[in-house]
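If you scroll down you'll find the structure; I have some questions about it.
Per-chain residue numbering starts at 1, and chain names A, B, C and D are given in the order in which the chains are listed.
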Amino acid sequence: MRIALSTGGGDAPGLNAVIRSATLAARRRGWDVVGIRDGFNGLMFPTQYPDGSGVMKLDASAVAGIGHLGGTILGSTNRGNPCHFPVTQPDGSVVYEDRTDELVGRFAEAGIDALITIGGDGSLTIGQRLFEAGLRVVGVPKTIDNDLDKTLVTFGFNTAVEIATESIDRVFTTATSHSRVFVVEVMGHYAGWIALYAGLAAGAHAILIPEIPYSIDLVADALRRREQRGGHFAIVVVAEGAVPVHGQRTVVATSADQGERLGGIGHRVADELTRLTGREARTVVLGHLVRGGTPTATDRLLGNRFGAAAVRALDQGLDGVMVALNEPNVEFVLLADAVGSLRTVPLDCDTLLTARELGISFGDEWTDLGSAKPT
Amino acid sequence: MRIALSTGGGDAPGLNAVIRSATLAARRRGWDVVGIRDGFNGLMFPTQYPDGSGVMKLDASAVAGIGHLGGTILGSTNRGNPCHFPVTQPDGSVVYEDRTDELVGRFAEAGIDALITIGGDGSLTIGQRLFEAGLRVVGVPKTIDNDLDKTLVTFGFNTAVEIATESIDRVFTTATSHSRVFVVEVMGHYAGWIALYAGLAAGAHAILIPEIPYSIDLVADALRRREQRGGHFAIVVVAEGAVPVHGQRTVVATSADQGERLGGIGHRVADELTRLTGREARTVVLGHLVRGGTPTATDRLLGNRFGAAAVRALDQGLDGVMVALNEPNVEFVLLADAVGSLRTVPLDCDTLLTARELGISFGDEWTDLGSAKPT
Amino acid sequence: MRIALSTGGGDAPGLNAVIRSATLAARRRGWDVVGIRDGFNGLMFPTQYPDGSGVMKLDASAVAGIGHLGGTILGSTNRGNPCHFPVTQPDGSVVYEDRTDELVGRFAEAGIDALITIGGDGSLTIGQRLFEAGLRVVGVPKTIDNDLDKTLVTFGFNTAVEIATESIDRVFTTATSHSRVFVVEVMGHYAGWIALYAGLAAGAHAILIPEIPYSIDLVADALRRREQRGGHFAIVVVAEGAVPVHGQRTVVATSADQGERLGGIGHRVADELTRLTGREARTVVLGHLVRGGTPTATDRLLGNRFGAAAVRALDQGLDGVMVALNEPNVEFVLLADAVGSLRTVPLDCDTLLTARELGISFGDEWTDLGSAKPT
Amino acid sequence: MRIALSTGGGDAPGLNAVIRSATLAARRRGWDVVGIRDGFNGLMFPTQYPDGSGVMKLDASAVAGIGHLGGTILGSTNRGNPCHFPVTQPDGSVVYEDRTDELVGRFAEAGIDALITIGGDGSLTIGQRLFEAGLRVVGVPKTIDNDLDKTLVTFGFNTAVEIATESIDRVFTTATSHSRVFVVEVMGHYAGWIALYAGLAAGAHAILIPEIPYSIDLVADALRRREQRGGHFAIVVVAEGAVPVHGQRTVVATSADQGERLGGIGHRVADELTRLTGREARTVVLGHLVRGGTPTATDRLLGNRFGAAAVRALDQGLDGVMVALNEPNVEFVLLADAVGSLRTVPLDCDTLLTARELGISFGDEWTDLGSAKPT
C-alpha cells in the first residue's frame, strides 16, 4: 500500500500535525507514504521539480518535530485547479481544461493507491472529482472560518479564535484607559464564527457578522446608550464578510486562486461610527495574523486525530469520505455531501443568544430573551 | 427575583467569566444578583464579614472587565462542607453536623430565591442537598481534570491543556538538543485527560494515565527501542493519579479540605526509568501552574455560555439541574444524575487510539490497530 | 508631603507598574499620594468630575494587583495642552491660552507639593513648564518608539518589540509554506527601533526605517536576488515613518491631540513591490496591537524601577529632573535637557551592522563589512 | 578562513540565534563554517559519528529558520572536559587526563583556523585553555542565571525571567482568590537575578536570594504583618541557591557533568512557613521550564548581535576575547578576565532597593530608605 498526502488552499495552524499523524499511522501499518509538493503541482508538473523532488518520501524522520509547527512542509501553492485548469491561449484569452484524468493517471504512474487530501472546500471538491474518476480519496477538512457544515469544527479555527481574542485583549486596555472606540476586523467571509467567539470571549460591545445584516445606526445607538451609562470606551468586532442592511459585501480585490478577497469593512465601519457618534473610532485589521504560527494544543490534537482517522478510513476500506468531528467522535461523512455545504452561525444558537443576553449589539433590533437552540 | 452566585473548590480559569455572564444575563431580566463570599462562608458566618460584606451586590459595574481574569472575585475558601460540618469538641475530637437546613434558612432570610452554584463534584453535591432541602438550585460544573461525566467538557480544562502543552514544548527543545529524558507530571487524580491531550499535542513518547495501569518495564522497553532507532531523547507525561500494575496511587499527603492530595509519581517514574535505562531522567511537576491565570478564549467562551444558560434555566422555571455541554448544545441535566458520576478516558476512544497509532507507549501491551470508538 | 501622579499621551504597557511603584515607595515614606485623572483634566476641570473624583487617593489598596495590567488606572485623555490650551472663539476660530500658572495654582490649592508626570515628549515638556513656573516636578519618560534620547530605553518598548516579533513569527509560517511576500508595518514615526529590533529578531529580509531613506528598486532587487538563490518567500518590515529616497513621509491624517498620524506606508510598499517583482505582496499593519495589553516582565521591572526612583529623587530634594536608564544604573537627568531631544538609530551601531551582515536589506547601497559603533 | 562553532553546557534560549548569526556573518565574508557536534565530542571522538557527521557544514541553508528555535542544532552533551578528561582505570578508579593539545591538534587536522565557543563558565574556561595552547578562540557567554561578571547580561536570561514571571502570574490568581500562600522556586545557584527580577515584576511579597542569607522567622513575620493588614494571600519566590542565616545550601544531588545540583529549597521554605504561620504553603518548582523553548525577541536579538560580533572580532584579528554587552555597546573583553568572575546582585543596586521600598521582604532586617547604587 502506498498513499499520498497533499495540502491545498490557505494556511491553517495544524496542517503539519495532520501530515505527521497520517504519516506515522500509515508507516505503523507498513505502508509507504509520499507527500506531493505545492498542492498537486509536484505530481502534475514534475519537470519543474529537480530530481523528483515534486513527490517527497514521508517517514518518521521526515515528520519528526513538525507537529507543533505552523504552515505545511508540503507547500500549498497550486498553479491552478486541475479539474478546471487555466490555459492561456496565443491571443491572450484563457481557456479552462479538465485535467482530472491526467492527474489520476499520474497517481497510477507513481504507484500511489490512495490520496489523503487536506484542504478547504476547493481542495475537497477536487478530491471528490478525483474519487469519481477512480482514485481512492479521503478528505481532511481545513477552514479557518469554520464554515464547513459536516464537521463540528476543524483545526486552525481554535488558533484563530485564541489569537484574535488575545489581540482584542491588547486593544482593550488602551481603549479602557484612553477612552477610545476601536473597530477590530477579523476573518470570516461567509460565516461569523471567529468574530462571534473572539468578540464574546474578549467582551466586545458590538459584533457584526455576515449572518446578521447590520444597521450602522443601530450600532451607533448602542454605543451612545453605553456612553450614557458611563461606558467611555467601546470595542466593535467586525467579520470581513459583514454586510449592512440594504448594502453589500465590501470587496477590495478579486484574485483567481484566492476567491473573492474581501476587506476594508473595518475601516468603513469605523468611519461611519466616527461620523455618527462624533467620537474618533480607530481600526485594527487582524487579517493574516490569526491564520499562521504555532497551533494551539487544541488544534494540534484535532490535527492528530484527523490524520490518524484518515488512515484508519483507508485501512477499513473506506474512500470517498471526509473525516469529521462529531464530539466526542471522529466519524466519516460522504465527501460528496461535505463539499459545497456552508456552515454559518444559526440565529437561535445558545452562543449567539448568550452574546445578546450580555448586551452585545449585532446591529439589529432584538429584544427577545427566549430560549436558544444549539450552536 | 433575587439570585445568589457561589464558587467552590479549587481554582479553574473561567470562573469569573461565569460570574460575569450570569450577572449580566440576570440583571438584563431585571433580577437582583448577589455573590456569596468564600463558598458559603459569607452567608453562614456573617459576623466574620464586617458591614455585611459576606454577601456582595453584583451588577454591571461589579463584573466589569473580570471576564478574562483568572481566579474568582467571590473567593472560594470554605470553612467546611455545610452538609457535613466539622465541629471540634472540648476533648479535641471532631463531630460532623448537618447544617443544610440552617443554610437554606439563611438564603430565605437574605431574600434569595435561587442559587447558582459553580463548583466541582463536592460543591455540586452540596447544591443537590440544598435543592432537596427546598432551595431552587442550578449547578455549573467546574473541574480542571475534566472528570465530570454529564458534560462533554467544562471551563478550565482547555487552559490546563494549553499551558501543559506549552510547558512540555519548552522542555522539548532542551530534551532534543541536550539528549535528555524528561518526566512531566500533570494534574489528573482519577482521569488522564490532561496527560493524554497535552502529551499527544506536544508529541510525548509515553503517557501514563490512571485508566491504564502501567508497567515501568514496558515504559523502559519503549524508551530503549526508541533509542535503538536513533531517538536520543524522550518525553514521558504522567498524570498524578497514574498507578503501576500491581501497585497503588502515590499519596503524598492528606488534607481535609482538599481531599486526597496526590503527587510524587513524577519523581518515582523518573527514578525508576533512570535505574532501568541507565540514563538520567529529570522531572518537571506542573501542578498549580496549569490551573491559574488568564483563561483561554475557549474557556472564557464556555464560561460565558454556562453562566447565561444557568440564568436561562431559572427563567424557564427549571431547578435541580446542571448546565452541561453537549456540542453544539448547552443543555440541562439533572443535578442528581451529575454528581458522583466520574468521566474517565474510554479505552477505545479515537484520541487514545490515535496516540497509540502514533507510537506513544501507555506502559501496557498493545498491538491492535483496530477501529476506535468515540472519545 | 503630598505628591501627585499624572499619566499623559498614548498607551504604553508599564504605566500601571510606575503608578504602583511610586505610590508604594511614597506611602512607605509616610507621604500622601494622589492621582490626577485624565492627564491634568481632573485638576483643571474639577466640575466635570463629580464628588472630587478628578483627583483620586492612591494607597496600597488602590494599586493592589495593577502592576501587571496594561493601560493606566488614571486615564490619559487630555482636553488640551494646559500650556497652550485651545479655546474656541465665538467666530469659530481657535485661540491658544497659556494656563500654566492657573494649573500650578490648582496644585497649590490641592495641597500638592510635587508632581511625578509620566509621559512622552509632550507631557515632559509640560512638566518642564510647570517646573519653571514653580512646581516641584520629576518626569518619568514614556515612549513606545524608544525615541527619547536621554534614556537608554523606557517601558513599553520591550512589549512592543516582543509582540511585533510574535506577530511576524505568525506571518512567517504562512509566508514560508505558501511562498508569499508579506509587508509588516510597525510603529515608529521618527525612529526605527521597533522595526529594526523585531525585524532582526524575527529574521526579516528587508527592514525600512526613517533613518535610512529607502529605494524601492533596491528592495525589489534584494528580493529578486533572494528568489534566485531559492528563497521563495520574503518578509519586509516597515516602520510607519519610513521615507523613500527623494520622497516624503506618507501622511494619512492629522489630528490635533495626536500629532501627525502616519500610516499607509505598508500598503504603498506592498503595492510597489508587487509591481516591481511581479509577485503579490500582502500587508499586515500591526498598529495599536503592539502598544496595549499585559506588559512584559522586562517592562514591568523597568516601570517599577522608574516609579521608585522618581520618589527617591523627590526624597533627595531633586526636581526638574527625569529618571533615565543608563544600565545598570537608573539615574537622573535634567528635564530641560531631556525634552525635545530625539533618539534615532545610529547608522554605525552594532545592531544595525549585525542586521546588514546577516544580509538584511535596508533599501540602500551597502557593501562595507567594517566595524560597528555602539547601538 | 575556516571557523568552527561549538555549544556547551545547559540549554539557554538564543543558542540557535548565535549559531545562525555567526554562520551568516562569516559566510558573507567568504569564510567556511563548520559546527562541532555535542560540545567537542564530534571532533574528539570522530569514530562515534558515522560518515564524518561529528563536524557538520554550516551555511545559509543549514541555519535557515533556526533563529527563533530553542535548543541548539549542534547538541551539547560533552563526554567530559577535554582539559580534565575522566578515564576509568581497570580497577574502577578515575584518572583525569589533559587532552588540550590533542584537541588543538584535531582542529589543525580539520583545517579549522579559529573557534567560536558558546557556553558558560566551564566552556569558556576550556576555550581559554585552547587559546593558550595556540588555537584562535572567541567566546560567547551563555548563562541562564546571569552570573557572568564581564557582560551586563547574556541571552537566555530574559526568556527565563519572562517565563518565570508568567508562571508566577498564573499562581497569583489562585493565591488571591483562594487565599493561599505559594512558594515558587526558580533557578539561580549563586546569583538571585531571576528571583529578584521575576519576583519584582510579578509582585511577590518575599524574595530569597543567595546574596542575602534569610531568616525564616523574619519571612514569617513579614507574612504575618501582611495578613494583619488584610493581605490574605502571599507569594514567596526562592532562588534555588538561597541560604538561611547560619545554614547552608540545600543540595539534592551531585552529578559529575552538571556540577552541584541544588534543589529542594522551595519545599523546605514552604514547610517551615507552614509550621511558623499555621497556614499551608504550597510549592511550585519551575526548574527546566524557564530554560528551554522559544526565545524572547530580546534574547534572539542579543544572540544575533553576539554571533555577528564574534565573527567581527576574528575579522579584526582579535582572539582570546569574549563578546560582552555594555549597553548600548557590544564590546570585547579578555577571555582570561571573564572566566571565573561571578556576577551577583549588588546589595546597593537600585533594583534591589526598589523591591525593598515596595515592601518586599528578603528575610533580613532592613529599614533604611537611603539612596541606591546601580544594579
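Simple rule for what comes next: a contact is a pair of C-beta atoms (placed from the backbone, for glycine too) under 8 Å apart; a residue touches a chain by one contact, two chains touch by 3 or more.
Predicted, not measured: the structure shown is a model, and the values here were computed from it.
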item: Of A-B and A-C, whichever chain pair has more C-beta contact pairs; value: A-B
item: Reference interface B-D: repeating pair among A-C, A-B or C-D with over half of contacts shared; value: A-C
item: Approximate Å spacing (C-alpha centroids) for the pair chain B, chain C; value: 42
item: Computed distance of Cα centres, chain B from chain A, in Å; value: 31
item: Separation of chain A from chain C, taking each centre as the mean of its C-alpha atoms, in whole Å; value: 35
item: Shared interface positions of chain B, touching two or more other chains; value: 166, 169, 176
item: Of chain B, residues touching chain D in the complex; value: 10-11, 13, 15, 38, 69-77, 163, 166-167, 169-179, 182, 255, 280, 282, 284-285, 287-294
item: Touching residues (chain side chain D, partner chain C) in the complex; value: 20-21, 24-25, 28-29, 60, 65, 67-68, 152, 158, 161-162, 164-166, 169, 176, 197-198, 200-203, 229, 296-298, 300-301, 304-305, 308-309, 311-312, 315-316, 327-330, 349-351, 353-355, 357-359, 369, 371-375
